[in-house]
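Shared chain: chain A. Partners: chain B in the first complex, chain C in the second.
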Partner chain A sequence: MTAPLKKPKRKNPILRTRLPVPPPSARSRVALGMLWGAAQGRLELQVCRDCATVQYPPREVCRRCLSDRLDWKPQSGEGELVAETLIRHSLELYFRERAPWRAGLVRLPGDVTVVAHVHADVPRPAARVRVRAHLDRAGQAVLVALPEKDTPNMADDRIMREMTCDPKFRKVLVTDGKTAVGQALVKALVAAGAEPVWVGNAEPWKNFPGFEEITKIPQVSLLSLDVTDQRSVREIAGEIAGRVDIVINNCEVHRTYGISQRYGTDAARAEMDVNYFGLLRLAQEFGPALRARGADGTNSAVAWVNLLSIYALSNYPPHGTFSASKAAAHSLAQCLRAEMRPTGVRVVNVYPGPIDDEWNQLLLPPKIAPAALANAIVGALKSGVEDVYPGDIAQDWLARWRDNPKALEVEAANP
Partner chain B sequence: MTRKRQGYDDIVVTAPVTIPYARFSIRGAHWWIGRALGTLVKDSGIAKDAIDGFCVSSFTLAPDTAIGLSEHLGLTTRWLDFVPLGGNCGVVGLRRAARAVQSGDANVVACVAGDTNHVDSFRQGTANFSRFARDAAYPIGAGGPNASFAYLTDYYMRVYGAEPADFGKMCVAQRENALKTPHALFKKPLTLEEYLASRMISDPIRLFDCVMPCAGAEGFLVMRREVAEEHGLKYSRVLATIERHNAFKGDPVQFRGGWVLDRDELYGQAGVTPADIDFVQTYDDYPVINMLQFEDLGFCAKGEAPAFVRANTLTYNGSFPFNTSGGQLSVGQAGAAGGMLGLVETIRQLTGQTLGGKVPNARLGLVCGFGMINYDRGLSTGAAILAAA
Partner chain C sequence: MSATLMQLASELAGGRIRVVDLTQTLSPDFPTITLPPEMGQAWPFRIEEISRYDDRGPASYWNNVSFSEHTGTHFDAPIHWISGRDLPNNAVDTIPPEHFVGPAAVIDCSAESKADPDFLLSVDFVKKWEAKHSKIAPRAWVLMRTDWSKHIDPVAYQNFDETGQHTPGPDPEVVQFLVKERDVIGFGTETIGTDAGQAFHLNPPYPCHYYMHGAGRYGLQCLTNLDQLPAQGAVIFAAPLKIKRGSGSPLRVLALVPAGAK
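What follows is the complex of A and B.
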């Protein structure tokens, strides 16, 4: 059974920090289809619409009836490990540096054999396993065989630490501790074993409800970080960027209305300054240090979380300028993801529906509670997903957007 | 209704050629294949311009294929084939060439398999071997063929009770054979103790289970008997051949190959039984595949290969001679040439032209092909039975 992870010792300052190298990332375009599910923590395989045959590896046409109507469908992943190996000699640097590496063949329902990473707690074959789709450090979808039932400390397994961004023993920055979401995040991170948790405290003279409470948590240190001020961001980055493992950018400005209800550009400018330029400033100042530490031992730099909005996908006119600023941030986050991906640092984008806070006062429920949102974010880090659509509204919008973005455009205008 | 297959009448194979292997080479595949063709011309006394059919196999010829190579080598042919089947290229190339000659589409076909091996060739070749491998196997540990065969070996050991010493015995016997083969890359004797003490590469695959990638080329000529006699060439006759691709799709792990589907046809066409065969050349990267071939070609029943190995010496001068030149495990794996090594050795044994150990009174030889781990199993199998003149 996996031994519980021990708190990593202080880094030996004499040793060189190893540069991150990604696992093999070349895939055919069809194989990239597995990413949609894997990015949200779902195992999806192609299933033929005409004859229901399951396909793996991904195909262009059905292996049985040659139909080209193959749909990615969720799978249980319950199967049997039929053969395994311990790879001690790999052709790729990534695995060479992590050898020996356990891998095996798993037989899944639908008569497919998959090659999968194998969790250390899985018994020798033949053994029942649960196959999950995970993103590896290249950001590509891979299959991982887990033990049939959860085992103690299974998240601490070496392979799991590579697939997930577990906050346990990791150093985290939450860029805004003043909001309800920020405070809930700090509590959830500390509960998940993060240490220390640096908390942004812009405009320290303003005291918001609940803030006092999180300042008393022993793992928490406050930083006077103001994402609208390049110099502030640079100074804080100079202090902690070389140590922080997870950046969670939850700074946001949210004002209601679209174009015609609010004259002028001041509110829209403030939203862009925090929601878009704030991310840009943080990414420029913290990005390089994180990229260099993508393979820095047990507590390597591992994730960058952006609090976006489901309205980034399609504009919600009653909150039109806010939607636009989140769309800009969403686009920039894709750029950040592309730049981070080769270093193994995962960019986790979170797209909640309306949060149950003051600025959404006039919206009818369901709204997502700050604590639920924080738990979804920490849960995403623990499970290793990179696209998070927490709550009912987010799921509803996502489904509509995937189904027909044009229809959603009209639906959003006439809620 | 399926038509009865025709025999090979007077089709013969001659001029076994090996360009001695090298661990690494700065030459291109064109050099290795060109040297093999040149040696075929020299050894056979058949002029280059009289070779009107050309069959090529190679992994490292890119961006060229057989046609680019034709111009490179200054070869004008009226029949041309490229057989990208790796370990099965020898048998499949022979089959196609034999039919071309039999039908009169070509008079003399040169079959050549060759590859170069630069320092990073193997990794690049493995990373981009196939679409399925790149999409779904290589990203899981990048263990290459070692890992792929480790799965098959792990399964076979668990289900059929093979022991490490069984695999070791085959490796040791092949090494003994190789000690007499001048161009074998491995020149030191190997003991079972050394085999068992060798380090694990991808459990249960040990160091001595792995072939050594290298550069090299193999070749032979296919023609009618009268043409061979005209040129005073020693030849062996083609009695029967089979090939099969992507067999047993439903097996969870590969524990048998397509030979099972075709072996009756093979022995039927040749008019012989497994007991009549004087020696066998299996495709031997890795030892577990030897066991599959012993079973699937009828030398023993499924699951009995470990006992079969224990009961035979496996050396060229003992009981059940196999891989008489040392096979890829001891001679080296020169890319696609590994798929022709056994066939060239078979011709040598049957024509009395051996470079190393000679099987006493060898009249009938069986050679197998196996290749193309496209994803989790070898897709291509083949076999041929050749007879002395």
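What follows is the complex of A and C.
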């Protein structure tokens, strides 16, 4: 059984910080198809539309009937570990640094045998396992065989720590503690074992309901971080960027206007300044230090979370300028992901539907509760996914957007 | 050639007249007025580098800055308020420049403001002050000294609770008195506005804005160092930026005071 993770010792300052080395990441275009599901925590394999044969490894044409109509379909992942090996030597730097490493072959329904990383709590073959798709430190989809049933401390396994961004014992920054979402995030992170939790407190004279409660949590310390102020971001980064392991940027301005409901650009500019430029300022000041610590021991720098919006995918005209700012942030988050990926720091993008807060007062339910959103974010870190669409509305919009973006464009205007 | 001006220059050079800076530093941390979030908002001061002897400009350090007309130590023109919107020469670019220099009467309300952050300056208070310090001269600035600028911490400076801001200011009667009976050129404070923190609940709301600007007079706020001025006898230089149709602007406010006056 996995031993529970102990709180890591403080860093030995005379030792060189290990540089992040990504695991092998070359994939064919077809193989990248596994990413869509894996990024959301779902195992998908190709299935032939003509003869229903499940495919592995990913391929251009069906291994049985040669049809090229292969669709990525969710799989249960319940299978049997039929063989295993312990890798003690590798020419890949990533595995060389982490040897010995357990890998094996798993038989899945549909008569496919897959190669998977094997969790330490899986018994020796033959053993029932659950295969999950995970993202590795290169952001590539890989398969991990987990024990059939959950075991105590299974998240603390070495392989899992490589695949996930578990906040346990990690130092976390929540950029805005004033909002209901920020406060719920702080509580969920502390419950998940994060310590310390730094919390942004812009415009400190504004004392919003619930804020005082989180300031009393022993793991919490406040920072006068204002993402609209480059100097503030730089100063705070100077204080903590070299120590923070997870940055959660939940700063947002949300006004509920399209183009014609609000004359002028002031509200739209405030949205852009926080939702887009705020992310840019944070990424410029915190990014370099995080990138340098992508492999810094048990509690390395591991994740960067952006609170975006499902309206980033397609404009919701009643909240049109907000949607546009989130679309800009979504695009910049892709850039950040590309810059972070080689160092193993995962960029997690969260696309909620309307949050149950004062700015969505006039929208009918379902709306995602701040606590549910916070739990989805912490859950994403624990499970290692990088694209999060929490709640019914987000899932519905995502499905419609994938199905037909033009249809969604029209539907969004007449919700 | 004016002997007075030459004498002024010589007294300044000789240190017999001192220049006191009444201006807060323009800094991103300095608060701006807080309004309900759905309303239009005044930008706080922000500064971003253009270059700093680096690849963006090897030989130069300079910044882009942004702020509202009402950020930091700033000047309010009559056009700022609805009551002054139709007056002639009511914007900062058209105000006659001679209005930017004038004497100041500094009314010390620091003890009262310390005891009660919602302290309102009254006619009675001004008359008692005049009995001691002589009558306010026509076309003088009236500066309400509260020592509020000594609150370095922005939380204490803003002094918000769930009913809003609690900072001192003038009551509606004294503003009318100063305009009609004393013909002042304007009213200045150390707080974020010329009106009290709770002035939205006075009648009319924000009486200093309403009456001063309605009569073509001016405002100065976020002043500091008023405790270095004599009650009477200082001369104020307060020239806003020449913004076309501007309603106000951050500015450097300087006071000339006799050395040893305070």
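As a working rule, the second predicted complex is superposed on the first by the 415 of 415 C-alpha atoms of A that agree within 3 Å, B and C clash if a C-alpha of one lies under 4 Å from a C-alpha of the other, contacts with A are read in each partner's own complex, and residues count from 1 in each chain.
Everything that follows uses one rule, which is that contacts are C-beta pairs under 8 Å (C-beta built on N, C-alpha and C of every residue); 3 or more make two chains touch, one makes a residue touch a chain.
In this text the structure is predicted, and so the values were computed from the model without any measurement.
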(request) Kindly classify A:97 by the partners it touches after superposition: chain B alone (first), chain C alone (second), both, or neither? (result) neither
(request) Answer with first, second, both or neither: which of chain B and chain C does A:87 touch in the superposed model? (result) first
(request) For A:68, decide between first (touching chain B), second (touching chain C), both and neither. (result) neither
(request) See if chain A has more residues touched by chain B or by chain C, and give me that chain. (result) B
(request) Using the superposition on chain A described above, determine whether A:411 touches chain B (first), chain C (second), both, or neither. (result) neither
(message) By the touch definition at the top of the document, which applies to A:125: first (chain B), second (chain C), both, or neither?
(response) first
(request) Could you say whether A:239 touches chain B, chain C, both of them, or neither, answering first, second, both or neither? (result) neither
(request) Could you look at A:115 and tell me whether it touches chain B, chain C, both or neither (first, second, both, neither)? (result) first
(request) Go through chain A and flag every residue that touches chain B in one model and chain C in the other. (result) none
(message) With touch defined as at the start, can you tell me which chain A residues reach chain B in the complex?
(response) 23-28, 30-31, 56-58, 63, 82-92, 94-95, 101, 103-105, 107, 111, 113-117, 125-126, 136, 138, 140, 142-143
(request) Going by the contact rule at the top, pick out the chain C residues touching chain A in the complex. (result) 28-29, 31, 34, 38, 40-41, 44, 46-49, 154-155, 157-160
(message) Going by the contact rule set out above, which residues of chain B touch chain A in the complex?
(response) 122-123, 126-128, 131-132, 134-144, 146-147, 150-152, 154-155, 158, 199-205, 249-250, 252-253, 375-376
(message) Can you tell me which positions in chain A touch chain C when the two form their complex?
(response) 203-207, 224, 226, 228-232, 255, 264, 266-267, 270
